[in-house]
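Look at the two complexes coming up: chain A is in both, with chain B in one and chain C in the other.
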Partner chain A sequence: MQQSEKTAPRARVKESRREKWREKKEARRISAIPKQQRISHVSASDKVAPYLLSLPAFLIVFIFVFLAALNTIRLAFTDSTMLVPGHFIGIQNFLDIKNDPYFKYAIVNSSLYVVCVVPFMVILPLILANLVRGNTKIMDFFRTSFYMPVVMSAVVVGMIWTNLLDSHGLVNSFFLAVHWVQKPIPFLTDRWLLLFSCMFVTIWLGLGYYMVIYLTALANIDESLYEAAQLDGCNAAQEFIHVTMPGCRPTMILVMMLSTIAAFRVFNEVYVMTNGLGGPGGEDMTMSMLIQQEGTGLQAHTGYASALSIIVLLIVGVLLIIENVLQRRLDR
Partner chain B sequence: MKQHKVTVGKFFQYLILVLVFILLVGPLIWEISLSFKGPRDNVYAVPPYIIPKSPTWNNYVKVFHQVPIFRYMLNTLIVAALSIFGNVAFSTMAGYALARLKWHGRKLVYLMIMVTMIIPVEGVIISQFLIMRALNLQNTLLAVALPGMVGAINILLMTNAMAAIPNELEEAAEVDGASVWQRFIHICVPECKGTMTVVGIFAFVGSWNDFLWPLIVLSDENKYTLTLGMNRLKGIFIQDPRLIAAGAMVALIPIIVFFLCFQRYFFRGLEQGALKG
Partner chain C sequence: MKSQIMKGLGVIAAAAMLVPMAACGTNSASSSNKDSLKGTVTFETWNLKNDKYTPFLTKAIKTYEKNHPGSHIKWLDAPSDGYTQKLSTEAAAGELPDIIDGGPAVVYPLAKAGALLNLSKEDPSAKNLYTEGAWNAVTFHGNGMQVGAYGYPWYVNDGPMYWNTKLMKQCGISTDKLPETWDEYFAAAKTMTKNCKNVYMSTMIGGATDDYASAGIKIMNPSQTKYIFNTPKAVKHLQQFVDLYKAGGIPPEALSATWSQQADFFQRGSIIAMGGSAYSAAGFKENAPDLYKNLAVGPKISDEGRSASVSYDSLSIAKTCKNPKLAMDFTRFITNSKNQLEFDKLSSCFPSTKGTINDPYFKKASSGSDLQSQAVKITMKAVTKGYSNRPPMMSDADGWNYLQQQAALALQGKQTAKQALDKAVDFANSRLR
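For the complex of A and B:
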């Protein structure tokens, strides 16, 4: 409603601007255009316009995504390296993947990432969105501060948390000071703790993003449902389960899809927090890190890295399909 | 009784909000404090304290001395400018053609863009690098910007914005004999300014924070963007958390200020993207 009030005067200004423009153009056009063309409706320049307009976007998407994807598929069946184009070797790369110990770490870690991070990403931001609703100044302040991590670079955030989770860092100092632990927790050196620390940072970075997505969904829930629930004597938790969650279900599925794909592809924060090496013995490698390691540098095995890329593409595709089916089933 | 219940609820609501605030914004405040702590401050003190005992600018001076931060920032800004220009201009143009014009191949192009939207960047990044090498662009800032100069999601956003313009506006101009180009520039672009701003802002933040692609395509340290520079700084200053904190602040403060200035566009952008994604 607010919006229509705001746009009304703006539209009027635009209308008068357009009127003036129209008169000017009309006069100029009639004097400029030869008679035959005044009759025909579509000029030659109008015919090529759509192609010229979409050409830059088309070229970039076509070359850097479409062709690149096709090239990845081709490379995956060759033994090419960064320096040698290579030959067709059939599915040898995919057979090699099976015996690659780093692949095992990477696929386990990336899958664990999805399993552990996604539930938090679906539920926590929804609760948070519920708590920061309302048009007061203080809620505005909370909303803005909660969104702030989203605009921060994951590299810098990874640096900050490496600092905080260090054996001498703030978190350990705090735990020691309140006597929760006797000696520092090895957040950054233990294989599993390091992985969980990275997951924590991923959640930290994403909470505000999904919170804002949920806020739009919450705005669309009928207020009378809440009134009815209150009349029935629901408490806040019951209201959340019986009114908010069903009302946000499509958005929850959207968030689930977005966060699943993001979690499986995680790179920046893990790269920074494991010093680019994937932690102790590469055991904290993720799929994206493995692709980056295998596919870059002079010694890079571009063929093998492409085969890994295909695996990521397939898994992301399958995840999307599963969640699409899930969505259909829930919608029925 | 009822009144009592409401205040208890409010109490817990604010308690949780304050705790989340400490968790999400606290680390930033701690880093700011750390970046001003001098050599006489024990940064590993148990219990930790937040007000520096010997506040100093020295950490910042050292960071600027040892790492060419301004060069990194300039590089990042060049990439960001290209990315903003590309995303705003090209997706607006494509959005107009896809939403409001009839032409052969329109559906095919639209379909291709939709399909590419679900391809994760990891799936194509090695090929993208090989293409850049074939074009002899590796290790240039243009190569950093080029693949991101049109995001499929931005084309979709602009197509939706263009489709939402009422037909009468354009029809009136068409009757008056305005060409496609005139209708595009004088009628449809002004109607889509809001979405264009959103696209530009997200392009800026995206290129400011991008890491994986510059990491792959750049090897010359003079071409490093800010995120690559920060990663390098982490390696150099690993011994002194004060310097890392100062470096982190230098990288974060511009983007946070930018966010605070354009806040409403961030939220509006998510609204549009979320409803349509």
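For the complex of A and C:
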């Protein structure tokens, strides 16, 4: 066993030398061919084919992403509504945002969502994935169970949790029955409790999705690293910190980015749990809900909603840049 | 002299020639009327293509096409989810269906954008076919809009107030006379908060225009150019809800409750009263039989002696319609007394055509002594005498939500009742422009 482990690196070195030698030989062969001959065996259709093949995808992206984005930028500088094209009004929409009380709620709530939800989304699914890895039937069952909320409709999820958390729901009934509280906890009627309840549902929903991503990453960690850690006397927690986490680092960065975007743009859970009103007084409104409120319906203020969309785009862009910079610093 | 005779003969000859020409003109006009009822129009309804309504609408369309050879009605149906979004996209692209189904909240923005025919101009006699309340509900004014009716009224709905008499007795409220005015309502609520804990009056929070209009507060000025529901009377009215909330008479969930949640609260015996439809009784009988035994029904709370919350559906004609005469004729047909009656039987709604409510069907439905018959009787009175207070621009989801959100903040003590109403009025006025 030890002998074969020692010889393996030598074989790999030999193989890579052979590969380099082959590449050099091929390069010499091609350079020996006169230039004209070299070009002549690549036909015109070969040159055009890649462009033609990528054209449908390019058109779809161009029309439904770039044109739509450009149109949003254009609309942001107009007073257009859904039915009236409107006029150019400069940066008036952006100035109006400053005085919009709902924008203040929305920006605070969406930012809090990122701060509170993202750390859980990065760590908890990794722990979960670590617990359910393996090919036994019971692990299959747990993986499926944890993934179940992902395939459930957000509306159904919202309704389940609304019924669980309302003043006569299961959670409050239990707390009252065991005399832990004297009156129902206002999970769905207090501004902050409602927001944290929504965050809890978002985490519950996202666990399974990110768990699957982590399972793939875990499968790529070399088992010998765990064996080495065990030989060094690491316990399970130390293995997780010193082997699993570093091994999944690129995936953790990916999950962090994905969950940051999702958290800042959260809509479904908050919409359903607040009956579309953004909580009592609209104080639990998020950025996506505000855009939806302003930008849909027959009397929609599409210009204003577009300006809000640009703000969201800029904030998410800045967050991603910060995360990217942090990642590079950590890599060093 | 000879030339004068010749001139006279010439005039007579010319006149003689003109007579048949005039007759030709009349003939050609009538034939063009018939011709104008030929062709195809698209008729888009809202969530009506299903087992319940499809047979009726298919039959009605076939009958019309049979009576008007050469006409073709293409019936389309859109799901309720995203219906307004669909219409707005179609309107923006100039591709609206010829006949559009929708309530005043859908009709108003389309009319304001100049996408609909003004029926007061195009079909003035239609006004005589429908009840005054129904015609008023589709008639819009103000803000650069041509005054007129922009839809043929179709089905109408409203409902009574259901009361849990068991809870009323438990909380010391007399069941001999159910509260009908706001003073009676708040007096009963005060009695309730003194005698009961964890029982609430209703989920009404002063977050809907109905709550104000029914207290005699004007929502808009007569020319529909400005919202005015922030008067001292309105502030006092909202303050009564604030006081009731502080006294524990309104559930916290009501601050952002939906209609279905209101029904849940009522069915599990947490609230004393709720507004429902004329046919809600059957649902209570099935879902909450114990509650049903203790139910009483009364008119909706109003200081005006009539309902301010009647809701109307209508059919409008798009300006882009290529066969407007056919579209108008068909819409008159589908909303005529006979067809409305048949539709109302299926949909548990009420008619908007004059006199149809006196049909034996409605008389029979309201003649019993059971809860549902009483509810139908009250609703019949409501739809006949009542009106829609909901300004179409306000009943758009945003305006509606905004008022509820501001009222909720006032109830929580985060702002005064006056601040809430001032903000709601400012917001609504900004939407009018």
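The criterion applied here is as follows: the second predicted complex is superposed on the first by the 272 of 332 C-alpha atoms of A that agree within 3 Å, B and C clash if a C-alpha of one lies under 4 Å from a C-alpha of the other, contacts with A are read in each partner's own complex, and residues count from 1 in each chain.
Definition applied: a residue touches a chain if its C-beta (ideal position, glycine included) is under 8 Å from a C-beta of that chain, and two chains touch if they have at least 3 such contacts.
No experiment lies behind these values; they were computed from the predicted model shown.
With both complexes superposed on chain A, which partner does A:Asp166 reach: first (chain B), second (chain C), both or neither?
both
What is the contact status of A:Phe88 with respect to chain B (first) and chain C (second): first, second, both, or neither?
Neither partner.
Just checking: does A:Ser288 make contact with chain B only, chain C only, both, or neither of them? Give me first, second, both or neither.
The first partner, chain B, only.
Considering only touches as defined above, state whether A:Trp180 meets chain B (first), chain C (second), both or neither.
After superposing on A, A:Trp180 lies clear of both chain B and chain C.
After the superposition on A, what does A:Leu188 contact: first (chain B), second (chain C), both or neither?
second
Going by the contact rule set out at the top, does A:Gln299 touch chain B (first), chain C (second), both, or neither?
second
Overlap the chain B and chain C contact sets on chain A and report the shared residues.
After superposing on chain A, chain A residues 166, 168, 275-276, 296, 300 contact both chain B and chain C.
Which residues of chain A touch chain B in the complex?
14, 18, 21-22, 25-26, 29, 33, 38, 43, 45-46, 49-51, 53-54, 56-58, 60-69, 71-72, 75, 128, 131-132, 142-149, 151-156, 159-164, 166, 168-170, 173-174, 176-178, 204, 207-209, 212-213, 215-217, 236, 251, 254, 258, 261, 265, 267-268, 271-272, 275-276, 287-288, 291-292, 295-296, 300, 302, 305-306, 309-310, 312-313, 316-317, 320
For the complex, which residues does chain B have touching chain A?
Contact set of chain B toward chain A: 9, 13, 16-17, 20-21, 23-25, 27-28, 30-31, 34, 43-48, 86, 89-91, 93-94, 96-98, 101-103, 105-106, 109, 112-113, 115-116, 118-131, 146-147, 149-150, 152, 155, 169, 172-173, 176-182, 184, 186-187, 190, 205, 208-209, 211-212, 215-216, 226-227, 230-231, 234-235, 241, 244-245, 247-248, 251-252, 255-256, 258-260, 263, 266-267, 270-271, 274-275, 277.
Where on chain C is chain A touching in the complex?
Answer in residue numbers: 84-85, 87-88, 91-92, 105-106, 109-110, 112-113, 115, 251-253, 255-258, 261, 268, 270, 393, 396-399, 401-402, 404-406, 408-409, 412, 414, 431.
Where on chain A does chain C make contact in their complex?
Residues in contact with chain C: 82-84, 166-168, 186, 188-189, 274-283, 293-294, 296-300.
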